[in-house]
Amino acid sequence: MTSYLFVILGAVLVNNVVLVRILGLCPFMGVSKKLETAVGMGAATTFVLTLGCGTSYLVDHYALMPAGVEYLRTLAFIVIIAAIVQVTELVIQKTSPMLHQVLGIYLPLITTNCAVLGIPLLNVALHHDLLESLLFGFGSSVGFSLALVLFAGIRERLDGADVPVPFKGTAIAMVTAGLMSLAFMGFAGLDKFH
Amino acid sequence: MDLKAYRDIAWNGIWKQNTGVVQILGLCPILAISTSIVNAVSLGLATILVMAMSNLVIAALRNFIPYEIRIPVFILIIAALTTVVDLAFNAYLHELYLVLGIFIPLIVTNCIVLARVEAFAAKNEPIGSTIDGIAMGIGLTLVLAVLGAIRELIGSGTLLSGIEMLFPGAEAIHVFGDDYPGFLIAILPPGAFFALGCLIAGRNWLEARKLARARMNPPAITDTPAEA
Amino acid sequence: MNNSPFVRKAASVQSVMLQVLLALVPAIAAYVWFFGAGILVQLAIASAAALAGEAAMLAIRGKPKALFLTDLSAVVTAWLIALTFPPIAPWWLTVTGTLLAVVVVKQLYGGLGQNPFNPAMAAFCLMIVAYPALMSQWPAAGQLDFKTQLDLIFGGLRQVDAITGATPLDALRTALRSAASPDSQLHGLRTNQLMDGPAFGLLGGKGSEWIALGYLVGGLWLIRQRIITWHIPAAFCGALFASALLLWGMRPDAFASPLFHLASGGAMLGAFFILTDPVSGATTPRGKLLFAAGAAIFTYVIRSFGAFPDGVAFATLLMNILVPLIDMKTQAPVFGHKKD
Amino acid sequence: MLRKLFKFHGGVKPQTNKTQSTTAAIAAVPLPDRLVIPLHQAVGGHPRPLVQPGEHVLKGQRIGGADGNLSSAVHASTSGIVRDVAQAVMPHTSGLTTLSVIIEPDGEDRWCELEKVNYRSTPPDELRDFLRDAGVVGLGGAVFPSYAKLKPGKEGKLKTLVINGAECEPFITCDDMLMRERASDMLKGIVAMRYMLQAEEVLIGIEDNKPEAVASVQAAIRASGETGIEAVAIPTRYPAGGAKQLIRVLTGIEVPHGRRSTDFGVQCFNVGTAFSIFEALEHGRPLISRLVTVAGNVTAPRNYDVLIGTPMDHLVRLAGPRPDTDRYIMGGPMMGVRMPGFDVPVVKATNCVLVGSPALFPAPPPEMPCIRCGECAKACPADLAPFEMYWFSRSKNFGKAQEYHLFDCIECGCCSFVCPSHIPLVDYFRFSKSEIWSREREKESSDGARDRFEFKNFRQEREKQEKAEKLAAKAAATREKVATEGAATPAAADGEAAPKPKPSATDAKRALIEAAMEKARQQKAQVAPKNTDHLAPDVEADIAAIDARRNAAPARAADTPDA
Amino acid sequence: MSETTALGLSARTGSVMVAFTVIFTAVMAFTYGATKTQIEASATEEKMKLISEVLPATAYDNVLLDDVITVGPTRELGLDDGGHIYRARKAGQPAALLLEATAPDGYSGRIELIVAVRADGGVSGVRAVTHRETPGLGDYIDPKKDKNKKSPWITQFAELKAADLPRCKLTKDGGQIAYHTGATISARAVTQAVARAAGYAAANHDRLFAAPSGDKL
Amino acid sequence: MITALLVMTGIALVLGAVLGFASIKFKVEGDPLVEKIDAILPQTQCGQCGFPGCRPYATAIADGEAEINQCPPGGEEGIRKLADLLGREFKPLSEEHGVEKPKSVAVIDEATCIGCTLCIQACPVDAIVGAAKQLHTIVAAECTGCELCLAPCPVDCITMEAITETVDTWKWRYPVVEIKAA
């Protein structure tokens, strides 16, 4: 039980996807200008990633491995994820058009969020079982959402800061992300007992 | 399409729409793999390869791909080509393959690859698309290389460490001598963010200066009177 | 021509900062008394670096130098850096840290008042990650004379292994961990036995507990001067005490006592001087309580289980990240909207 | 006198500077050469002028009529000749002008016929109309027409009537002197208000730095024999005189922004207002004068009974301004407004003319960035977070500023007063508020424009259709005509042609005009875009006025070619 | 193609998808086939390179990677999930054991090692395969990161004879292994793991060599 | 090779079918975004953006066919709001579409107007009233200042006048930051 807790905690804080593993940065930089959109994007990613981790585990274990075609993993995973994303997109477009417009180009780009492929691949590399895969996927995407929302909070405030002109916008956001990443290094070593 | 159009596409990819510092896409490999020049450039080359091939293939096949499933098909193609590159690295540049780790398969999800395929290759003919892919890739590689250089230099005081993985026998350059204590942050994730932030700011500054210059002395009228 | 109000209270940023500096004096005095005058050199180096960095950035940005250099906020940052770095840190370490704090963490965000992160703590974190060895070597109280200290500060890279050890916090944690492991010779020893060494004093490290008292005195004076409010120190100390009590109560052999935690490392400095940084900290009363309590818990977790000897710096940065949300969510109801 | 008092959050204690102007009794002011009486003095509509230049007016004669639902009349302050009804600089920071009546006093100061009412027997509604026509407005600073505030809430009665004698602003002592010297008359005004509001109790709040005023009012209450009226000394802390703060201190009730205090069973009036109500009801005298403190950079600070319209410099001369005087401030140092000139008139809102000099009110030190120290939040009596509102006002993120309750700010100035960074916080809030209001106006007009645009498109569509139908019908008719009458005059379709203007003029403009007129004539047959339906009455009035002007002028447009 | 019913469209998109999948899977499968042997060779080479660092190629003449047994969870080796042991033989005689071992108590968690123990009981070499020790402080246990390139810290173990094994401790703990002050924990973890592994090899020497290749103990 | 093909074909088949189904099941019509964009545009209806009115421009933005910086009357403020709404980067006003001008209204010189009705037809918001051959008047409160009536007037009797500030429209200025480089 505690080991599952560690999987989640580790994925959320210690090895935060964005700030420590450096995955999923494009949406992290792109959708963090407003708190609202950040929350929406976080939720969408969490949904896709958790589902993607489960599905890819099943496909890996019940299709690829028995057939001995592990080299198809990248292909199989990404195609699955792309399909999940597209279905999600269609559903959101139908049920919440405003969210859809706000998330704009980023919804299809969830597919190209490295984290969404990276985490299932890491699941394989770390030999997670089905539950661990799901938890790891969930934890990672919660970590992603957390970082994204906090980052958006800071960026909303930064809007009013008297930042030197060349640094206005993305550049200072990068520096901020760097400092956040530095702060998250404080968690280093917390997962060593597991 | 004439030569000028190709040149524009190239310039667009390398500077005007540079993925790393302008479009702010494809950041993960840029930040994660730019710990040294060699790593950075190797991944850059792999990406160029994938981008060129996928742009070419998709531009060529664009009329056969139904709209509803374009994204899965694009990704399928990119993933297949990436796997090819991945297998090739594994076979022939094994050490580098180990260093780059999951970032080779992750070329698939490099936003910029899909973004270019969607934005360009799906709408243009193959040659232009290939050039676009290469140019975008070069733009990415340039950012990677510059970042790699900065981080490697500040972080460990060397340049081109790990070059022996590509060219056995070659050696890294110790720029600051052996006593340099190294500034580890540069190599760690925070350093990656700082360095890219500075790079973006630097480009902003250059562009702003260019603009200011252009404002100060508007381009001289070049066409000479016919009679003269 | 200005508009109303036409009268103003006599208050200025400069006087606020000056009072913070004054409040640090008791602790600095204790520092000099127990560890020698090297700290004064560090304070001077850091202040000079901070002012130089600030001046350079102000010049580049075309801002009035006289006005902003005399606001003393850079000096506060510098002093806090000097006080958190080891007293024998080589000069270039202090200078690099201070410059990073002032130039990157403060001025890149627009300077005074606009930085979301605590500059001094960001500098500490950057440096401990980059130079963990140099940043975790502390001399014991009274161990080094002034000349040796100067040599160490200005002597470039050097072999300090022979003369210094880890901070009491780190030492105790290392010892406790060994004590908990059945393989170790220390196995089975109690906390008070482990704290028998020369590095330890009554509560925390020998000497450093008196410095902590200095911070406490200065901090209480700041509260009296209404520069800071009681919320942050109270919540921080309370939450740190509570978390330590919880685990120490369960396993006194494996965890340090609450009082040890309060008296060691940067706890007091953090409670009264660092977390209270108005710029990067929470501003609403409830927000301050949350902010400081969160910082205390992070501090405790990092100290007890993490990779770094003290958690105050990282905890501060982590809570800095949360500040915009905390502030947003803890706004007090405005006039007429209170639930009585 | 053991009333439980409540506290309000925040507030500041600036130096009060009140004793200087309370040593001498209230003085009268000699008639000036000219009185400039702005017609717009109170919150609400702009009163219309009722006099013409050259007309002779008597003291107390109405010169501006209340206009619309919320407005208050304006009266001549003395007898004399109306010199002009023109735009004149008004006592407002903007330095803009407003329509004013300029009276040259004849020196007789002769009252017009005054009408009194018995406020104990007249129905409140009539009293209210009477007060509106007497121009009684709040003298506490907001100049809100008092009749509108004298309506009890839904229940028809009120729990508490709060009378504001706090006078928390430094330097100002006009209410203090009023209470010392005219307490019993003021009390009669209060009784009248109480009757109109059906208030159970009356609480007169007076800051405890005015013990003489408290004593005087208490004596008056005792003398009057009224019950349920109490003068309460409250702690001196700015802005205890803010209506919301005073209500809070006296009753514990907090009236939120945007709600009427009568909904909570309280209403608040200034002591000066009470006195002018007394004057109006008891003597029939409209509001033509008020007490004004002259203080600051003068040798003899003092209170004066001043006619509305008196130029400020005329008044200040009596108190002996010092030579380094560089500005007048209307009101106190915390909330007062800088006057655009020295000769602006005293208006109903002028409780104090504060004479300023660089030494007395030095320019603030340079603005530093906000360090989020929270001092301003501690001082804010509205429990706001001024530094957040400032942060977003500065970056013009008005939406966010509003999220932090910008409009709950009462502009008391406490935050600016305490800010160690010397930020003119209130100026940022005023800026944001007026930007937001202007945006709302723009939004309204753009919404209107959208509607009208869409309507026009719809109309054009309809007209096009109608025209097509008409053309088709006409074509059919013509064909028929041609068939029956042979090739007769086909041009007759254009209707009876106007007499062709002679092409005598050679310039191109003329030709253009003719061509255009020709075209217009031709079009007239097909389309007659009238666009005169759906007009608002005021627009119609405008058009009528313009048409009248046009008719008055010699017929031009069509005649010019021949002229 | 006139009716775009749900079913019809699904069928159409499905078939296009399948077509693309088939083509590109074929491309991949082809590449895989073409690179398979090379990849395996590279992997072997990689392993052998590591092995050659702890055990000179001259010390044995068998196909080391094929002469392997697996062990289950073994406390002495710090293996919670089991691991491999390779056996080096020269002219059929036992020459050395290559053990996978883990130091569980590194500063930042587990340190995975490969330890070569000669048949005579002496240590031939040790390498850290994976670790997360603090860069710049504890990571000198990895010769690639060690500042001292000429004789990295970890090469000290190559000099340990069977008789020295009791002194396989940090000098601080009364042994002969030097360490970097300020980063004792990493060094101690590795040293203790090596000592345990060598002890295990000595104790189980015969059994380990005797087991048939591919066996699981 | 064969297994690889089989496995991937299977996956593809399933996913392709699911997607095709979903794309029909969740088809959407209409676009609420246009309304939101239109609400931001100033409704001057001047056409400077290159579209025949504000709504067409709004539609074009929503469809991604137009940049957000083409409306001069909306000015920088408008662009900022659009950028905010759409999550795009702010861009300065595109110069080819014009420059931001102070607000003004059209005024007809009553002496010159010939009542030709051309301006009435040009005015997109019905701000001009008057019948044919009668003289025309502009309702200042309704005029958006689009200048569209200027060109058609044959006698050039329409001029634009900047709106003057009154007490009711007066605005507090942005506080002057007194810090200057020393």
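So that you can tell them apart, the chains are marked A, B, C, D, E and F in the order they are listed, and the count of residues begins at 1 in each.
Just so we're on the same page, a residue touches a chain if its C-beta (ideal position, glycine included) is under 8 Å from a C-beta of that chain, and two chains touch if they have at least 3 such contacts.
Here the structure is a predicted model, which means the values were calculated and not measured.
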| item | value |
| --- | --- |
| For chain C, the least number of touch steps when starting out from chain A | 1 |
| Chain closest to the middle, measuring from C-alpha centroids that were averaged per chain | A |
| Result of counting contacting C-beta pairs for A-F and A-E, higher pair | A-F |
| Chain whose average C-alpha position is farthest from chain E's own | D |
| Approximate Å spacing (C-alpha centroids) for the pair chain B, chain C | 41 |
| Chain D and chain E, separation of their C-alpha mean positions in angstrom | 85 |
| Gap in Å, rounded to a whole number, between the CA centres of chain B and chain A | 22 |
| Centre-of-Cα separation between chain F and chain D, whole angstrom | 34 |
| Where chain A touches two or more other chains at once, by residue number | 69, 71-72, 75, 79, 83, 86, 156-157, 162, 164, 167, 172, 175, 179, 182, 185, 188-189 |
| Two or more partner chains touched - positions in chain E | 9, 12-13, 16-17, 20-21, 24-25, 28-29, 32, 107-108, 136 |
| Touching two or more other chains - residue numbers and ranges from chain D | 366, 368-369, 424, 427, 430 |
| For the chain A and chain B complex, residues of the former touching the latter | 19-26, 28-30, 71-75, 78-79, 82-83, 85-86, 108-109, 111-114, 116-118, 121-122, 125, 164-168, 170-175, 177-179, 181-182, 185 |
| Complex contact set, residues of chain B against chain C | 179, 181-185, 188, 190, 194 |
| Contact set on chain E toward chain F in their complex | 4, 6, 9-18, 20-22, 25-26, 28-30, 32-33 |
| Contact set on chain E toward chain C in their complex | 105, 107-108, 134, 136-137, 173, 180-183, 185, 192 |
| Of chain E, residues touching chain B in the complex | 9, 12-13, 16-17, 20-21, 24-25, 27-28, 31-32, 35, 38-39, 42-43, 45-46, 135-136 |
